[in-house]
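Have a look at the structure that comes next, please.
Chain lettering (A, B, C and D) follows the sequence in which the chains are written, and residue indices restart at 1 in each chain.
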C-alpha cells in the first residue's frame, strides 16, 4: 500500500520543479499540475479501501506521536484529499485553454502549492503543522486572486490578504495558548487531556481557532473577502477557492471543534450562525447582476447550510453536511467553470450579457443549467440528496427550534431558486430568437471535458447517492467518536 | 306505460303551444284595452305564424338554422319535466336542476343562431339577453335553492306533492319572501317591460330577431310562447302548489300572467345596468333572507 | 272582412295570413310618416287589422313609402325593399311618391317611384288622413284576394329594367344584383 | 408487464426523441407520437389490475416503489391519452417555431414525470417525479419568449415554494412514522394529534394547492397558461394541474383516511368545510375575472382555475356523491379544456398568433370543424345536458343541496351561469359575427389538428350520454376509499334523493329535435345570403366595421371590474420586491472597506466570548 505522504510530496515537489521544466520546453509546464493531481487522485483512490477499515497514520522521521509530526489519513481526510485531487485535476485540464498569459509557470506553481496546502491541512495530525499548511494554502490563494494583475484583482487580493492575516494571527495565538497549557502540538494528545484543564482557559483558544479558521471558511461576519476575491480571480481559481479553499477552512473548524475540543456545546451557536450565514448569502445573491459575485454569495449560503448541518451534531446531520459539502464542491466548481468560459466569450460578467448563450454555446449552457438545478436541489441531481439528508437530520430532532430553522433554510432555498432560474432563463430564452450573429462557437475540448465530467458526477451521484454515502458515514463516525481517533494514534 | 307517456308528451306539447299562443294574443288584446284601443283578435299570433310560414326567408348558414331548432327543442324538452296538473312525463330524471339547465338551452340556441347572422344589432341583443339572464339567475338560483332546501328534495314533483299535503308554499313564512322575489323577477324572465331591453325595436331593431324572416320568426314566436308558459307554470308549481287537474292549473297560470300584463303595460324600460342593479338588489336580498330563514328554522320535511 | 271565415283559412291559409297580418316597415322616408303614429295608436288603432310596425325589413311584408322620395332616400328604399321577404307589398303614401307632388320640378326628387320599385297601391292626397291608410289596406286585401298585388313578381320578372333605372339615377350600385335572371328590353313591356 | 417499463419507455423515449431529431425531423415526429401512444396503450392494459413493485433501491435508504390500482390507473390513463393527443396536435402547430427537438423532449418529459407521479407508491418517489415535472414544465413554459419569461419565473418560484413545503411534510411524516409508503402510512394519522395532522395538511396543501391553482395560490396559472405554446397549455390545464387534484385525493383518502379527515375540526371550522369553502371561492372569483378577459387563452386559463374549484369542492365535501363528482369532473375537464385550448391553438396557428378576442370574428365560415369542436367544448364546459360536464355538475349540486349546504351549491350554480357568459363570448368573438376581410383567404386547420379536436368532441358527447362508463371506474375507486359507491347504470345514476337518466333525456331531445327539424324542412326553403347582405337600416354593410365584439359585456364589465383587481398577485409581487430590497440593504454590510472587515472579525470574537460569559457555552 502507498504512503499517504506522497499526496503531499508529489505536488509540493513538482511545484518547485516547474521552473526547471521551462528550460526543456515551454509547452510542457502546463501539463505538470495535470500529472501531479492525476497521481494524487490515483493514490487517494487506492488508499480509500484501506482507510475504510482502519485509519492510516504515518509519523514523519520515525518519531512517534506525540513527539513527532504525524499524518493521519482517516476516512474524512481521504475524502477531502480525494475531493481536492479530483477538482484540482479537472480544473488543471480546464486551465489548458483558459490560462493564456505570458508567464504561466507562476500560475502553475501557485496552483500546485495551493493544492499541496489543502491536502496537507486535511491529512496532518499535528495542529501546528495544520497551521503551516493552512498558511501555504492562504498565501498561494492570495497571489492567485491577483494573478491577472488588474486593479480589482489586486485590490481584492489585498483585502483578502489583510483579513486572512488577521485570521491566521488569531489561529497562531490560539495554538500558542494550547501549547502553553498542554506542552504538545499533537492533536490526539491535546484531545486526550482537553477536559483536564479549567474550562475558560481552554475556551479562549477554541474561540480564537474558530474565528481564525472561520475567516477562510467564510462564516457570516468573517466572509467579507469572499465576493471580491471570487469575482476578480480567474474563473478556474474561483472554482478552486469556492470548491476547495472554503471547504478546507470548514474542515479545520470541524476538526478543531469535534476532534480537538469535543466541544458539542458550542454547536448550538454554530447552528444559528449557519442559518444566518445561509440567509444573508442568499439574500445578497438575490439581486446580483454580476454572475461571479452571485455565485460567490451563493457559496456563502451553501457554506451556511453545511455549517448548520454539521452542527446538528447527530450522525445523520454530519452525514448530510458532508454530502452537501461534496455536492456543493462539484456543482459550484462546475458553475464557475461554465460561467467562466461564457464570460470569456461574452467579455462581460453581467448576467444580461448571457442572452442567447443557449444558442451560441449549447454544451456549456447545458452544463451550467445542470449545475444550477443541482445547487437549488432539484432531483435527479446531486443537490437533492444532500438537502434531503439535512432536512431529515434536522426534523429527526423532533424539536420546534429545528422546525423553525428548517423553514428559514427552505426560504433561503426558494430565494436561491429564484436567482438561479433567472440566469437559466437569460441563457436560453432572453434575447431575439435568431439574430444573425448567433452562429455556434463550441468551447474547446479542454473546457468541455472537465465540465462534462462534473456533469456526469453530479447526475450519477444524484441518481445513485450510495456511491459516496458509505465513506461519508465512516467519516462522520470518525468525527463523532473522538476516542477512537485518539486511541488509533496514541496506543 | 310507454304509450301513455308518449300520449302525455304530445298532449302537453300541444296544450303548452296553444296556451302560450293564447297568452300572446291575450297580452296583445289586454294591452290594447289598457291603451284604450280595440286591439287585434286573440288569434292574431296564430295568424302571424301562418303568414310567416308562408313567406320566403333568408338564412345565414348552418348554425343560423341549427340554433333555432336547438333552442326550440330546449324549450319543448323542459315541458316534459314540468308537472302540468298531475301530468309529468319525465318526472324521474334530475328534477329541478335539469329544468334549470334546460332553461338555458333556449337562450343559448338563439344566441348561437343570432351570432352567425353577423349583425351587430343581433350581437348587442344577445349580449343583453345573456347579461339579463345573468342578472335574474342570481336571485332565481337563491329562490330555487330556498325551495329545494325547504322541502329537502330536488324533484319538482315531490315539491308539488308536499304542497298538496301542507298547503301552498306561500303559506310558509320562510317561502313567502322568495315567492315575492320570484314575482319581482318574473318580468325579467319573460322579457316583459320593464325588462324589454333584449328586443328593443326602436333602439336595436328587435335585437336577436333582427335577421329573422319567415319561418325563423315563426319558430322564435312559438319559442317565446313556450317560454312564457314554462316560466309561469314553474312559478305556479313552486309557490302556488301546482294543481290537481289541468283546468285548475290553467286558471292559476292565467291569473299570474294577467298580473304581469298590467306591469308590462304601464312600465317604461330599464337600461341594462339599471336592470342588473335592480335584480341584484331587492329580489336577491329577499331571496337571501328567505334562505337564511329556511336554514334557521330548519327543514320542515 | 272575412277574417273569421274558417273555410277560407283552410282553403288558402297563405293568402289569408298575408291579408290579416300586414307587418309594416317602420321606415320614415318623408313628412308623410307624421300620419303613421295616430293611425297605429289609440285614435285609429291599426293593429285591429293586424297592421303593426316592425323593426327590420326582414320581418315586414308591407312597405309604406311615406312622403316624397329624394335621390338620397331612394337608395335606402331600394335596399330595404330588396331585403324584405316575399310576398311583399308596397304602398305609395301621399302624392309625392306618385308624381313628385309639390316637388314636381325639384331636381333631386323622384317623380315616378314605380320606375325603381314596383308599387302595388297609391294613396293620393297631401296629407292623406289615417282613414286613407285603412282604405288602402282594405284595397290591398282585395288585391291580394284577386292575386293582383304581385309587385314582387313584377320586380323579379323585370329586374333588369328596374336595375337599369336605379343605376341610371344612382350611379353604380354597390350591392350585387338581386336576381341574375336576364330579360331583354322588349319583353318587359309585354309583361308590365 | 411491469410498471417500471412504462417509466423506462417514457423517460428513455424523451431523450431518444431529442437525438433522433438531430438525425431526421420525420423520424422524430413519428417517434414522439409513437411513444406517447405506446404509453397510453400499455396503461390501458392495466385496467382493473393492481400491482406493486420496488423499482429502485439506490436512493439513500428509501426503496422507491411503483404501484397501480384503479385510482392511479384512472388518472394515469387520462393523462397519457390527453398527452398523446396534444403531441399529435403539436405536429403541425410547432412546425413554424424553432427548437423543435427541445420542445418534443420536454413535452414527453413532462408527460413521463406526471405518469411517474401518479404511479409512484411512496412519497419520496412522488416528490422526485414532482420536482422533475416542475423544472421540465418551467423549461417549456418560457418556450415562447417575450412575456412567457415572466410567466415561467413566476411559475417556478411558486412551484419551488410549494415543493419545499411538501418536502418538509414528507420528511416530518417519515420522522414520525418511519415510513413514506402509502400503504403503510394509511390510517397511521388516526391516532395523531389533530394539531399535527393540520400541520401536515397545511404543508401538503401549499404544494398541491399551488399546482391545482386553488384561489389564493393561483397567480402563476393565468400567465403560464396563456403564454405557453397552445398544445402545452392543453397539457397544463388538462392534466398538469390535475396532478394537484390527484395529490389532494391521495392525501385525504389514502394517507389520512376519510374518517380522520371528516373528524378534523368541528362544524364550520372543520378542515372539510374550510377546503370546500376555498373551493367555492375558487369557483366564484376567477369566473368573474374570466368575464373581463380579452385574450382567448387567458380567459380559458381563468376558467381553468374556476373549474378546478368545482373539483376541489367536490373532493373536499366528502360525501360519496361529491367525491364521485369531483373525480368525474376532473375527467371531463381534462377532456373539454384540452379541446378548447386546441381550438384556440388552431385559430392561433392559422391567423399567425392572434389570440386577441377583439380582432377575430366570423371564422365559422373558414374553420367549421374547429368551430364545432369549440361549440361542443363550451357545451361541456357549461354542462349543457347530454355533454359530459352536465352529470358531474348535477351530482355536485345535488349532493350539496341534499346535505343542506345551499350556499356552496349557490356558488357552484352561479359559477356555471358565469361560465355561460364567458364561454359564449369566447365562441362569439372568435367564430361568429362578421368575418374580417384579411381572413377571407383562411384555410381549414391541418388534419393533425382536426383529428384530436374531433376525437375529443366525440368523447364529450359519448360520456355525456353514457356517464356510466367513467362512473363505473370511479365507483370502484370510491369503494377502495371506504366510501359507499353510487348505484349507477350505464345511462345515469339512481338514488332515492334524486335520479338522473340520460337515456330519457337523450331520446326526448333527439325525437323532439327531429320533429322540429322536420317542421323546419317541411316549410318553405330559405335562401342563403352572405354577410354583406345584412340589415343595415337600408345602407350597405361596411366591411370590417360591422362587428360587435369589443367590450362585449360592457355594462357588466363597467359594473364589476372595479371590485376585481387581482390583489393576490399584487401582494406576491410586493413580497418579491421587499425581499429584493432587503437583499440590497443587507449587501451594505460588505462596505468594501477592509477596516470594517477587520472590525467584524474582532466583533465576532468579542461576541463569542460574551456569549460564553453570559450563557456558559463550554
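Assume a contact is a pair of C-beta atoms (placed from the backbone, for glycine too) under 8 Å apart; a residue touches a chain by one contact, two chains touch by 3 or more.
These figures come from a predicted structure and were not determined experimentally.
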Pair exhibiting more inter-chain C-beta contacts, B-C or B-D: B-D
Going by CA means, which chain is nearest the middle of everything shown? D
I'd like to verify one number: the distance from the centre of subunit B to the centre of subunit D, where each centre is the average of its C-alpha atoms, in whole angstrom. 36
Could you put a whole-Å number on the gap between the CA centroids of subunit A and subunit B? 79
Rounded to the nearest Å, the gap separating the Cα centres of subunit A and subunit C is 99
Return the residues of subunit B touching two or more other chains; collapse runs of consecutive numbers into ranges. 53-58, 121, 205, 210-211, 214
Residues within subunit A bordering two or more other chains: none
Subunit C: positions in contact with at least two other chains: 56, 58
Please list, in label order, each pair of chains that touches. A-D, B-C, B-D, C-D
In the complex with subunit B, residue positions of subunit D that touch it: 362, 364-365, 368, 375, 382-385, 390, 394, 397-398, 401-402, 404, 406-407, 409-410, 413-414, 417-418, 420-421, 424, 427-428, 431-435, 492, 497-502, 504-505, 508-509, 512-513, 516-517, 520, 523-524, 526-529, 531, 533-535, 537, 546-549, 552-556, 558-559
Residue set of subunit D touching subunit A in the complex reads 58-60, 98, 127-128, 131-132, 134-135, 138-139, 142-143, 145, 148-149, 152-153, 156-157, 160-161, 164-165, 167-168, 171-172, 174-175, 576, 579-580, 582-584, 586-587, 589-590, 592, 594, 596-598, 600-601, 603-605, 608-609, 611-612, 617-618
Parts of subunit C lying in touch with subunit B, wherever the complex brings them together: 3-4, 9, 13-14, 16-18, 20-21, 23, 26, 41-42, 45, 47-48, 50, 53-56, 58-59, 61, 85-87
Please output the residues of subunit A touching subunit D within their complex, sorted ascending. 158-159, 162-163, 166-167, 170, 199-200, 202-204, 206-208, 210-211, 214-215, 221-222, 224-225, 227-228, 263, 265-266, 268-269, 280, 283-287, 373, 376, 378-380, 384-385, 387-389, 391-392, 395-396, 398, 403, 406-407, 410, 413-415, 417-418, 421-422, 425, 428-430, 433-434, 463-466, 469
Would you pull the subunit B residues touching subunit D in the complex into a rising list? 9, 53-63, 65, 68-70, 72-73, 76-77, 80, 90, 92-95, 97-98, 100-102, 104-105, 108, 111-112, 115-121, 123-124, 126-127, 130-131, 133-134, 137-138, 141-142, 145-146, 148-149, 152-155, 205, 210-211, 214-216, 218-219, 271-273, 276-277, 291, 295, 299
